[in-house]
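Read through the structures below before going on.
In the two assemblies presented below, subunit A is common to both, partnered first by subunit B and then by subunit C.
Moving on, here comes the complex of A and B:
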């Protein structure tokens, strides 16, 4: 059993089907008689819809129906409310929330907003008809930048929401922080942007909806990260009971947050499938995904750091304005407010902190969580200001960080932001990262780079983040007579490997053959509740539910074993799949116990056949704090401005590691997305027209194999958290927190002799070249 | 409509195809070989790579009609008699896939690279995979897998 136990790099169960082309992604499903849908989207950033004429289109070959906002309103379908945990302004009044319908009703507010659904026999016919739908727009002035949107005189996106203001938020002690700044020897200030990016899973979104008129139930197959919450959202839109909508996610080709939210398309498909009495399929194309998948980050921030004469941190003050696009979407307003506030200051000891966040509406695709949702922004803010402080004060940036890290003996500690940091050892993780980074060889590598006309830089970036997402999770196990077990869990993998790691926990705890455990996720009929994935919660909450479930099975299994051996449950010990009576040495296998659980004659009184089948719900009380440290070495070509990230070293404290191979995968994947944001990715809207400039993979750059550095990873496993029974802290979002500041600061280190103090992400060769040129020109 | 004859994973196929039909659509929609994935509409992502007469081709960038008379191998045709191809095995051993969506194209491209350059080094792998995007793995394990797979293919 040990081979498949907790802590082992078990090869993945799901790989065989993915490697042989037999996975089932949404576009691989072809129901009989399926019709195809196309979403006609707004071509304007801001315009009134004076009318939509679909007469010609409706009469084109193969067209089965066209749904517009007028039809939608006539059906009295409901808007989708935001679920932002921060939902009140500082003055206590509710956030400004415009109604978000699945279709634009009389005005469009971003390029890509759904205007009509066209259903046809084939995709080509729907595309042809889309050309023939006449939408009469009256263009309005648009604003796509959140800072400009808040300025007086900015175009008003919502008539009844003054100044495009959604809400403001503050956290920390304002007075204490002001006091700290007044008494400071040094105050360092930096304005910076965390640019708008998008998750870009390689599988685009898509869904298939159908309606069974005999049962009155809907069936939705959807490339989503979260079947339960979205089922409730879509049912709410259509005004049907949630139990009338069966929502299933097939194999999902990556999510990273962008497949988490309640999108408009599924409700449209569900409605239309009932209307035409056929299943309807919609698959987003890539170009559509850039316009209509939620975007992430996009914060304009001023961060200020107060230090004493010895370089000790006294206070941190952060003011950020986050773009949330044209609507509140699912949890959009949370990211630049509570989402970025919690982990302010990173792993450093701060006596005082104050955070202010504003969420503003603009004429862009709305923003929702993207891998980290606020924590990468917080991490970038603190690491950039610390690096700048070191530069401006002439202190070694490594030394400045080292002396300000929260000491190991300061834990547990509640930070001024209210984050409960229970376990960890930030100085140890920091030193181990430095040690891995081969600092001794750096001078030679700098010289070698210089000999090639290149500049080499180094930076280290410790990070502290936290988990999130739904606190409750379901796990259930059902046994068969042959000893096999069917595990159902409400959390969800969209590639992270829970089909392997969840059975690992069950196998480890119950001694069941790993290969005899099947796994079901992403199905509202299979689990009564489910939080899907988001906020690095899969192992923390889902894994803990599996462990709790296994523990409950074990109690019953011991009773059965004791009954079979005519002894006491308390004397039963399970090892390698065999229960042994510690007193008599008699033994019975788990396989036999499972078989006995199906025979009434072999069960103790009070137990019935199938007694081992167990359903349980685990609830997290306090979020965990994954933390760690990244360092990066880069080479910059001053002639071209091009950056090459040569090497990254990472030590992560994720608490207990269930499967180190999969955890490494999460780190490297996160680094790639962090590197993408640092160097090349950016969603750009044209300032005047509000048109999306980066609408394809030719305009929006993603990291490729040759973009990546050599990555060396290690885990610090000496500080498991007591916040959950597994001791895990969550691993999914860490890479996005550590990599951007490590890479950006390393580039700035390489350019320190050129006097370049700051470059906004992404650090494209053009921007780096310009920064060098501008610094030279003085 | 043109009628084409070709071999797909060793099986002869004759099909009447619209002139505008893409090879990827022929494979996925007409032949039910859904292992070949489509992740973009500008031939950037590489999820749809198949072998046409042994050469790697983005099947979304080739018309089905152009495949007349060719021998095509898709991801479904790579494993033989239930045994994974050494490159598939190397991807599994090295955790070179997560969501699996880019994987078919990535594996087909890698097999082609290792066939063309049996002794390829890491730089050649990176160059060879520049037309294949992965958003999950950070590529390091893919590069490791291709090196290991190429070695196993050499025997």
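Moving on, here comes the complex of A and C:
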């Protein structure tokens, strides 16, 4: 029993089906009589739609229907409102929010915007018909860069939104910060970008919709991270009660935020499936995924650091302009504002900070959360400015960081950004990372690299982030007579392993055989509420709900056990699946207690058959603060500029670790995505035409297995948080907070003798090569 | 994908007849280019003639100083072949770095050279090694075979049957892969034979080309320093998302030096 408990590296149950090709992803579901849909998308970044002629297409073989923006408006379907938690400008007025319909109405505003839905007997027929649909466009000037979009004279994306301005936002004490800068001995300033990237989940998006005319209910199977919130969104669009839409996510192959939101396609499919009275399937292809999955990051930032003569930090001032694309999407405006603000300054002690964020509209695919949603951007900003300060002031970057970390005894502390940092030990985590990094051997490794004509660099990057996502979560357990248990949870795994880690918690607390616990998620009929996944909330909120549920079961199980033993519930102790009376030493197994719960004659008064079945809702009060430290060693080939990340060392404080193997996996995956952003990934739109340039895997570079460094990871578990009963802090997004600054700063360390101070991400070979050449030229 | 007729002939004669009888036929070897292109609706052949079952196109053999590779030989088979590794290890190395395992298990020598993608690896090897392309109707020297971007000397309906490579004294291929596609951003194949040194560059221009100033210098002194001081012009080189012409010009020098070093 013990080996399946909390803290054990239990192998993932779900891997057998994932690794043998027997998972059930959307495209594996093949309903009888299913029709296929294709989304006709805008080929222009900005254009008026003068007309759409689908007459020829409608008469082509196998075509079952074509839906356009005109049909959509005629049905009076509703736009999808943003749920951004930051929704007012600094002056208190509401953010500028254009209507976001499932189809473009009279005008397209980004390449890939849905213009029509074509439904056919086969995908191939729909593709043929798509070429016969005549969309009469009148092209308009486009702007794809958020800084340019805010400049006077920029093309207007929305007629009634002046200057493409969505909202502005500030956090921190402006006056105190100004004072700190005035009194500073040194002010270091840097302009930098967090480039636009995309999630590229291994399973592209897709959905199957159907309508039952007998019951009047819709059924949607969808590759999503969040069934409940999106059910409500789609129901709102179609003006139907939420309970008339059953929304299920089968196995989902990666989300990273890009499957968080209410996309246009499901509403279109639901509507069309009712209209043609057949189930309809839509699967996004990979090119469509680049154009029409929400993008992430894309912030243009100026960051300023004020220091005293001894190198102590006095103040931090950050100004960011974030691209949100052509619409507010689901929570797009939050990322460059509240999302990036909260963890400003990282784990360093700052007397004063001030953050300003602006969200701007452009003619690009809208942005929404991407793994970290603002915190990786913040982490990169602080770590770059600290590294630059060390370089410019001639201070050892390790030393500058060490002396400015929040001391252990300064916690709990509320940062100037209002972040409640309750537990942790940043100096300890920092020193442990440094120790793991074998600094003593560095000089030899530098020499070995030099002998090969390569430059070696090192950097360390402590980070502080926070969790997010919905604060409430449901967990329910239903038992069977044989002692097995069906666990239902409203949070969601899209491959992270909650099918294993959630039962671990239940098994640990109730002594139920791990193999006898089944797990259900992602089904609006199975759980009354559910927050899906996002903001590293699965363990923090979902896991806490499971723990709370287990605790409630335990209270009842003790009563039953005591009744069976003619004893008192208070005297019952559960160990390895057996209740023992601490006074009499009599015992009864949990399996027997479960069996008894189905026999009225064996139950105490007041309990009914099935008494152990328990539903509960846990609510988080304050978000937790995962933190840790990454360090990286890289080799740079000065002749080609190519970078190889050789080694990364990571110590993470995620509070209590439920399953160290899965937590390791989260860190490694986060490093892979962080490395991708640092070195190669970038969504690029053509500046003039607004066309997507990186629209396929032939152009958008992703890290592969051979891009990955050796990774050594450890956990600091001495500071569990009291903010939730499990003591967990969230592990999902930490990797991509720490990896980009560690890698970028290590490259700049390798090039310090060349005088290279800054290179914008991604650090492609050519950019690195040019930076060396330009520094040499002076 | 548009609809098309699929054929799988067993002989060259059968393939030729199918080709002659179809409206807009297309030969398919490993399908690593034509299938993605068709999936994107960028090509609509009436007939796909899959030449994968034609026995005359298979096989690797060495006869004296000549290595012969059948057109339908997969990259993975070239990479794994003892004959290739013993006779021209540089060619074996080149094949082992084409695409990824899935591509190497399907893609073929004949398909690659007939497509003449400017970023493909094989053209550099054929030109540097002075290979000869045997088709269904004639033999063509590698240099005459590759004519322009995605263009070859092949006539309509003419098919590559095999390629013969003279075994060089020394040879090496250095490739700087595109980080996304892993095609050659620039690749340089250097070979020294009894006829002198040849340096062929792929990925950098519209079509594979020889770097004659390098060849001249290496003829005199086959060592990396021999290339010092020869500047490569960026004029006419490719410039794209991943590499400017100037960067490619730098890569030509860097990779050529490394190839010379590795050739030993």
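General remarks:
One rule holds for everything that comes next: the second predicted complex is superposed on the first by the 778 of 778 C-alpha atoms of A that agree within 3 Å, B and C clash if a C-alpha of one lies under 4 Å from a C-alpha of the other, contacts with A are read in each partner's own complex, and residues count from 1 in each chain.
The rule is short, and it goes like this: contacts are C-beta pairs under 8 Å (C-beta built on N, C-alpha and C of every residue); 3 or more make two chains touch, one makes a residue touch a chain.
Predicted model only: the values in this text are computed from it and were never measured.
In the superposed model, A:252 lies in contact with subunit B only, and not with subunit C. When both complexes are overlaid on chain A, the residue A:59 reaches neither subunit B nor subunit C. Set against each other, subunit B and subunit C touch different numbers of residues in subunit A, with B touching more.
Contact with subunit B, but none with subunit C, is seen for A:14 once the two complexes are overlaid on the shared chain. In the superposed model, A:287 makes contact with both subunit B and subunit C. After overlaying the two complexes on the shared chain, residue contacts for A:698 are found with subunit B and with subunit C alike.
Contact with subunit B, but none with subunit C, is seen for A:204 once the two complexes are overlaid on the shared chain. Contacts of A:684 after superposition on the shared chain: subunit C is touched, whereas subunit B is not. 287, 697-698, 702 are the residues of subunit A that lie in the contact sets of both subunit B and subunit C, per the superposition on chain A.
Interface of subunit A with subunit C (complex): residues 124, 127-128, 131, 287, 639-640, 642, 680, 684, 693-694, 697-702, 764-766, 769-770.
Within the complex, the subunit B residues that touch subunit A are 28-29, 33-42, 44-45, 47, 74-76, 78-79, 84, 88, 91-93, 95, 97-104, 107, 125-127, 129-130, 132-143. Within the complex, the subunit A residues that touch subunit B are 9, 11-12, 14-25, 27-28, 30, 199-204, 251-254, 256, 285-287, 494-497, 661-662, 664-665, 668-673, 696-698, 702-708, 710-711, 735. Within the complex formed with subunit A, the subunit C residues making contact are 1-3, 40-41, 176, 178-181, 241-244, 247, 250-251, 254.
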